[in-house]
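What follows is a set of notes on a single structure, which appears directly below.
Order of writing sets the chain letters: A, B, C and D. Residues in each chain are counted from 1.
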Amino acid sequence: MRSALARDPIDVSSLLAEVSQHGNGATVLFLGTVRDVNQGRAVSGIEYTAYEEMAESELERIVCEAAAQSGTTDIVVVHRIGTLGLGDVSVAIVVAHPHRAQAYDASRYIIEEIKKRLPVWKREAYVDGTREWVRAEAVSHG
Amino acid sequence: MRSALARDPIDVSSLLAEVSQHGNGATVLFLGTVRDVNQGRAVSGIEYTAYEEMAESELERIVCEAAAQSGTTDIVVVHRIGTLGLGDVSVAIVVAHPHRAQAYDASRYIIEEIKKRLPVWKREAYVDGTREWVRAEAVSHG
Amino acid sequence: MHLHAANEYLSIVTITALLFASYADVVGADRVQLTLAPGSTVGDALTELRARAGGNRLPPKPLTAVNLSYAEHTRVLEPGDELAIIPPVAGG
Amino acid sequence: MHLHAANEYLSIVTITALLFASYADVVGADRVQLTLAPGSTVGDALTELRARAGGNRLPPKPLTAVNLSYAEHTRVLEPGDELAIIPPVAGG
């Protein structure tokens, strides 16, 4: 079980390797990526900022809740902060479990809680040169 | 959109790259892998056989249904056939979509339909030297 | 005479039945030619298969497919059809 | 005399308020020291913040956290607490 904020690009293959063990039959990976259009405006990039200490604690709490509900500790979650370009991975969630239903449910739980609770904010830069803080759930992968 | 049976190991990174495009904000990857224990018996490996022509058609139908329901064509599904060892990926499903709810739902639909409809069978080899055809849903990642 | 021969040709339906996995094991073959009366259904083909060695070990109502798509047991078979008897699937 | 000074020391609560994203923009700072009466709540600290330049542009009931966990506005603040005013989150 691991959760972290990361300033550097996320290496998806190594996250998958972290949870791979022979007791698991199902692995679900979720990737959030920066979209080129949000609410009709052309986006050129995104800057993620966080209340870092709290975001780390909150992410850990979310992962523990998912582990308790699903019965697996094979969970890794990494959230990027800093400046991201189009298509960059902003969040990666990997859950492995003996059975697929629990893997999907835990993955979904984690992303929904991140959207609700993680003290992270993003400012979108638009192709027209302006930039703006993005409101909750008016987000890149809504 | 692509679906295939594969005799060679599945390269997950290249599947993810196939669906990556800047309009998508969410990517869900499902991996089914060979478990070391199934219904209490220690497994050493698995042999997948298929009614290959029909499995290819059926997989294509399943992917089309998921695409129609979810509204994305960024879907790739590959199912292994042949002899697999512990931890090997037997099926990989990648769905990318502007929004996460649809990506999860399409991914889940595809694996559930594969479990119900894909004419693929597996014979497990056990550590005690015996081997047996596996019954539906008495499967490695149930 | 010629016409009579043509009628005889039309009065039988030859199809291929495919067997897989545990079903191929019990029947001892993965491919069987069946000769059926015109109008015969998938169900009739199954009856024919059950009369063969090991065929009685097939389950009462197996899943079946005709020409690569799932088909009901009431489906009428055409000459040259490929009928597959599908054991419980275990993909994924 | 010594005792009196100690009482005076106990009679104020100094906390740090953190502001983020759009809230830091409107207040013009991301960190503010607040001096409050003993027994003051998160809600009292918000009232204090609103009296400052730009503070009136904070929303009526923002999310708040104390010492890295979400906390209600009725939560009583202790000396040295870190109070965070949390704009609508947008992670993921």
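General remarks:
The rule is short, and it goes like this: a contact is a pair of C-beta atoms (placed from the backbone, for glycine too) under 8 Å apart; a residue touches a chain by one contact, two chains touch by 3 or more.
Being a predicted model, the structure only gives us computed values, none of them experimental.
Minimum number of contact steps separating subunit B from subunit C: 1.
Rounded to whole angstrom units, the spacing between the C-alpha centres of subunit C and subunit D is 78.
Subunit A and subunit C have centres, each the mean of its CA atoms, that are 52 Å apart.
Centroids built from CA atoms put subunit B at 24 Å from subunit A.
The multi-chain contact residues of subunit D, meaning those touching 2 or more other chains, do not exist; every residue touches at most one other chain.
Taken residue by residue, subunit A touches two or more other chains at 32, 111, 139-141, whereas all remaining positions touch fewer.
Pairwise chain contacts in this structure: A-B, A-D, B-C.
Contact residues on subunit B toward subunit A in their complex (touch as defined above): 12-13, 16, 20-37, 86-87, 98-100, 104, 107-108, 111, 139-142.
Subunit C meets subunit B in the complex at residues 18, 20-22, 25, 65, 68-70, 84, 86-92.
On the side of subunit B, the complex with subunit C involves touching residues 32, 48-51, 53-55, 57-58, 79, 90-91, 111, 114-123, 133-139, 141.
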